[in-house]
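First subunit A sits with subunit B, and in the next complex the same chain sits with subunit C.
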Partner chain A sequence: MAAEAGQPAPKSEAPAEKKDQGDQKKGAKDQSKAPAAVVAASEGGEKKLSNAELKKKAKEEKAARRAAAKVTQPQPPASAPGQGDSAKGGKSKPKQDGPQAGAQHGKTPAPRSAAPMTAAAPKEAKPSVPECFSHLAMAKGVNLTHADKDVHPAVLLLGQQMSTMAISDSTTRLEATLLAFKKLLSLEHTSNKRLQNQVIDSYTTPHGTTLSRHFTSHVLNPQIVYLTACRPMCFSMGNAIRWLKLQISKIDIDMADSDAKKLLCEAIDSFIHERITLADLVIVNTAADMIAQDDVILTYAHHHLVERALLKAKASGKRFKVILVDDPFERVGLDHVKKLAAAGIPVAYSPDFGALRTNLQESTTVLVAAEAMFSNGAMYARAGTCDVATAAFDLGMRVTSLCETINFTERVSIDSLTYNEIDPERNTDEEFRLLFDTTRDKSISAVVTELGICSAKSVPAILRKLEEL
Partner chain B sequence: MPSVSTGHALDLEKFLKSLKGQPLEASVNSLISLLKRRQIKGSEPCAVATAHILLQVVARSKWHDVDSLLINVSRTGRKLVDAQPNELVIGNIVRRVLGLIRDEASEDRGDTADESASDAPTPTDIVPPASISQQWSSKRFDSANSVAPPPRPPIVSSYSSINPPKSLFHLLSTSPPADGDVSPFRNSGSSTPTWRGNSGQIHALRSEVIDGIEEIKDEISQVDDQIAASAEVQIHPGDLVLVHQPSTTVERFILRAAQKRKFTVLIAMAPPRRHSAETTQHTTFRKKLSAAGITVVNVMNGGLMAYMSRVNKVIIGARAIVATGGVVADAGSAAIARAAKEQGAAVVVLSGVYKLSPESPFDESSLIEWGDSSTFVSFADGPLVCGAEIRTALTELIPPELVDTYITNLGTHSRDHLSSLISDHYKREDADFHIWEGALP
Partner chain C sequence: MSESEAAIAQPVSTELPLRTQPDDSTFDIVATYRDLLASDPDLTKPVAAIESLIALLNTVPSTTVYETLDTVKSHSDLLIASVENPLPLQAGTDLFLQYLVASLKQQDGSFDAVRQHLLRNGRLFASRAIAARNGIAEAGWRFVREGKCVLTHGASRSVTGLLERAAKNSEGKFRVVYVRDEVRAEESDRVVKELRSKGIPVAEIPEAAVAHVMGLLRQVHMVFTGAEAVTQNGGIISRIGTYQIAKLAAQAKIPFYVAAETHKFVRKFPLDQRDIGYQQEVLDFSATAPSKQPKDAVDYTPPELISNLVTENGVHLPGYVFEQLLDIYGSLNG
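What follows is the complex of A and B.
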């Protein structure tokens, strides 16, 4: 922190002075810029500004930026380089404002702070989301140069991976996020430090405050805002971050910094272990047990839980067939088919929803995995799952959904357009694609979780149980 | 149909041009191979081609009475149906033409009843007028003794009661009004001797049947316009209309509505195939709609349940409609219709009456046409080719209970009304022409 604080200060001062020179004739209106420059210069050192102060500062900076823009227009070449830096510093400021607001209002993934979006707006003005779906969230991605300087490099990388859908499914995203947050806390100084002059490698609590009061608002929140800006958080990330914040707030004020950090790291490790690793294992085993000899299992696209369950069942010596219906516009099923075929499972591959009913009539059970479960029993999963589940239900087949309880949310969704995401690559009139859909509880026979097999209707009961744990 | 790219249209045109220069047999054979190779595909091109070839059969094949004409037509029809059994329209057109011949023959017979009486038939030619099928089977029996007669269609039994002795029959046949119910069977059957040697009559019949086939051709060409006429009634301002891989019929329908109404169109796109620039899909349609101020969104989802809570109407172009009301349409539309039902969106099927088939499938999977598996999976992909069975459906059947309305060139119909449309357009005795003709060489 300290090293970093010194650096931006002179930079932001220089353009401010230039501005002053250029603006002298403009008179009283521009007076606000001088204090702004001063505050900007001192920002690194004074982290403990109150909310109101931050807001005020942000406003002043905005004014200064506008004035600067006016000035640079007539004489661009002279002040351009300095200008860019000052604008960047200015942009990052309101972003820091965002997390506090977000943290106070709740941990929802939906309310993304407005600042990063407006920052990205001029660049992304061209593609227009069709009006009737404009309420839905979309992974916008954040240019690395626009990212808040407080964001940890590991989180920066993760954000890019998420926005490009390199890491896309709910549980994987959750695990990656928690591991990245762990790096925030990690005690070791990595070798990266020498390579990068601006490394927020590990966190040390500033003097005069404690980890439990400082870490969440000043370190964690900028990361969350950045990640949310890259791609809207999934429900499991919301759940886990709420849990993490609770853990942080529970830390004793008097505890030593290193102990507190160690405690948090251990907590994160055990959380990942219990809620993801072991949970997956239990679900896979349960699902594999549910597969009977000579079953014909129809599954949709690809999910690692389904894949593991099928391979596990095969490994345990069961003889069964798989019909895989793929997502026609994102052929994630092809690799899945190859893996299954390599394991010796007879597979039929249908590249789209053609003859879905015929395929279903041939099969005995439908196995899908959920991205999340709503508390009304609705299943949030890859777009198309609902079509498969409904058609299967029509034919009186068993529809089994696999889902870790970390993906359960207390929210309620009755149609697919309440919560959804638009494919960031296909978000215009010409190409439009939703990533998820919502299957109502009536077409789901069973939900396999790490706590056992339950009906979709009992999701709220499980949520209650989880609160008690 | 969306599948009718320009290449296939060319094949149809080429075929139609070739009709004049070729002998009849060669034309029939070339059409059969075009159908088998799917070079003519889609219901409209198939219907047009069938109508043309049947016109040739009527105009150029050798026939000296109504029955031999019926045999010629149904024999050719049978070959065409065999070549592409999934295109129900081929059978429909053949049935329409058969019905047309029967109608014309019975009309003419009514006019010329007196002449027929004077024209005494030779005993060998006289066949019990029980049914055409019986008559035909006996003829075939003569020609190929080794082959057993095919089973009679069940409907025949109802007529077997009126199987009078020959002499009595001829007494009766001289006075048609005495018959009470003038069934086409009786007329065509008893008309066998009527036409014998009467070249003028044959000529008249020929030209009348040809006129009738021309009318069928006109009907096919006007279907899109007539269906589009009811667009304004069906599409309301502000609607969100979903169309699945719109055929020209659907495009015309939407465009007509766009002249008067402001609404939003979602186009469910066909999945991208391996070797094609799919970016050109429906672009002209989009342009025309945008010019009319309609918002068009191309939807790239396979399952469309996610959109259905907003969608008001789903419009599907049929490839064929079976007697139960089930709709043969492009693969994927059954899932869409099911999704629409789930959310209460109306499913509207657009189809010319010529696509309405009196056949009903024994099993819905029999109407699925399976396509080329290499459209989505490369043959170079070893593990996949060896390890997996690839199923690429091109068409599928939408169950009748998922369809709300049928719009044809005759208007808007409910499912219950389809049976009366079928009985208006096809003769009962032609319903199974390709089955009872099955054993013919």
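What follows is the complex of A and C.
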């Protein structure tokens, strides 16, 4: 029953790389192999070096990177044809080989290696998106050397992770963004001393102005611009940034800098706790409760909420089966299926939409997770979710979607083209792929949020409620 | 009553997570509830549950806020466990608990004031419920205009109230098709008699004739039914047979109206027929004996089939329920 095929083979690169960085990066997260290399390299200098020496060293490194980039420049199409144009300035070596190698070749061996092959021939031709789709954005990635000098290293790192899709789902991106912003405000100066000459230190308000007036425009905005350039923001990030700006503007202008920073850090912490950590917990518990004995649950690709809900239901002693239909373009379900099988849940794995209808006829419930919910009740989720939901609705089945309310947006969408993103790895002259699709409210039976279960039509009611809070 | 009490209280008290056993073991909430329901035909189940909880507060001595809330909670659980279909009662007990908490917040925790207020206005909820029924009639009677024909079934007091209000205005100028329930012939006779006494021409049809009658062009203009509970997505839990009438009405493009008081709104989200809040054995397979049917069986009518909810606050779309519940409870996790 359980899945076997398509092992992610070339994972082996990653650990090796990790090892030689291991001693250097301390604060950096471990998912962040490649971009960390750049930061870590600059960070890695010995403490004893004087400022002047450091400067010199940084210059040398920059030169070395440029040289390396020139060497590697002909290569980019091999890994990501879509990034050819943005890589003009030259990408540093480690960035090329890092998470991209892991993410692309690791997860989906077959389709990905095929695509670049065909695209490699007309290499220089810039993939053009037809006029009518020109409004769609794409994760491009911004070269580190091109980034605004005001961008904080933590944000630089995050931007790279986002552009390479190392961090891809909306809630994780949101959490990482907020944590990075917190570092902007962090009070620890000691560890950053050696970075002072090239990147901004944690923030101190200049004389003659106040934090509430200065921080947003001069410090926060460049970070946001950079992150947006790396990959278009998701709705939850938009919501959270609006919230953060509001909090900043509310700060009393007479408040001491350190107090204000502390206040903001605490606000961010509690925001993450309430809107993400606790929300996830409640959603997972509610969804697990909804699973009945002997259910057969069909789910699509992978989302951490669905995974946690299934594992939770299993742990609470329920007996049920899972049919996992994977995203044919990105086999994120493989690991998921293994985890479920390891937990003792009988899983059937289907690598694509072949036999979707048959699979649906054998199941009792469809459980998916949303990337965002529009206020007309439409669900914005991984491309393919709409197919599953519509087919399930057609068969009169329940379609349950899991979503934190931070992902709710007051915008309205009735199609999949108004808001979407182009898959940066599948964007050629002939064709491109979209990352998301929109499911109409009528094919969704219930949306599980931390405020409870609601119907898709009730999204505006929740948004109104959230505004009151 | 003592033996039924023992039968009910015994298994229940073992499985309920009671923090403290209620020390007022003399008070029998289940019996009180049943007495109330039997003595007053105007009382709906949620309101009867609220009234019994007020009666409970009457008997327990004034203690701390948390102890009282605890007592109310444990008795609510007892009461809910004593009936088959928990949803109508849950609507009442949840509402009462929320009312208690909210009024305690307003009064800055002065519990005695709240308690005194409740006891002094013991019939407050009941009278409000009756007022709500009149409100429904006022809000909805204009749907029933001259020359129209209304199809209804069951014995909802909201619906009969609404029809009577309409009859006051245009006596004999609209007609009613009543779907008889042969299992409850007595009840059907009573309702039909009541309607005829107000001068409303009534045609009785068997359940099997509903589709046919709806197919007779422009013979039926709308359907009105009541509900036992209105779920948070705007669907209804109601007498079995409602769902099929709603489906047939949707098929025939006949508007389907539900007359229900807002105190019937309950924090339950059924996804389909499997999910009505309790185990109901409608299917009784047997090769020899005749099948048994549950008494007071219900079904779930999803919001897509409901054109409007007629409440004392006016006529609303099914989505209204969610907003109201969110307003009252803040969150929807029970």
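We adopt the following convention: the second predicted complex is superposed on the first by the 333 of 469 C-alpha atoms of A that agree within 3 Å, B and C clash if a C-alpha of one lies under 4 Å from a C-alpha of the other, contacts with A are read in each partner's own complex, and residues count from 1 in each chain.
We take it that contacts are C-beta pairs under 8 Å (C-beta built on N, C-alpha and C of every residue); 3 or more make two chains touch, one makes a residue touch a chain.
Given the structure is predicted, the values throughout are model-derived calculations rather than measurements.
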| item | value |
| --- | --- |
| Clash or fit, subunit B versus subunit C on superposed subunit A | fit |
| Subunit B versus subunit C as contact partner of A:Asp415, first or second or both or neither | first |
| Which superposed partner A:Ser168 touches (first subunit B, second subunit C, both, neither) | neither |
| Subunit B versus subunit C as contact partner of A:Thr286, first or second or both or neither | second |
| Which of subunit B and subunit C A:Thr385 touches, first, second, both or neither | first |
| Touched partner set for A:Asn407, first subunit B, second subunit C, both or neither | neither |
| Contacts of A:Val337 with subunit B and subunit C, given as first, second, both or neither | first |
| Residues of subunit A touched, compared between subunit B and subunit C (which is higher) | B |
| Shortest CA-CA distance between subunit B and subunit C [superposed frame, angstrom] | 19 |
| Parts of subunit A lying in touch with subunit C, wherever the complex brings them together | 282, 286, 290, 292, 398, 400, 442, 445-446, 450-455, 457-458, 461-462, 464-465 |
| Residue ranges of subunit C in contact with subunit A within the complex | 232-234, 267, 269, 271-272, 274, 303-304, 319, 322-323, 326-327, 331-333 |
| Complex interface listing, subunit A residues touching subunit B | 130-133, 324, 327-329, 331, 334, 337-338, 340-342, 346-359, 361, 383-388, 390-391, 394, 415-417, 420, 423, 426, 429-434, 436-439 |
| Subunit A-facing residues of subunit B, complex | 240, 264, 271-272, 286, 295-310, 331-332, 334-335, 338-339, 342-343, 364-365, 368, 375-377, 381, 383-384, 386-396, 399 |
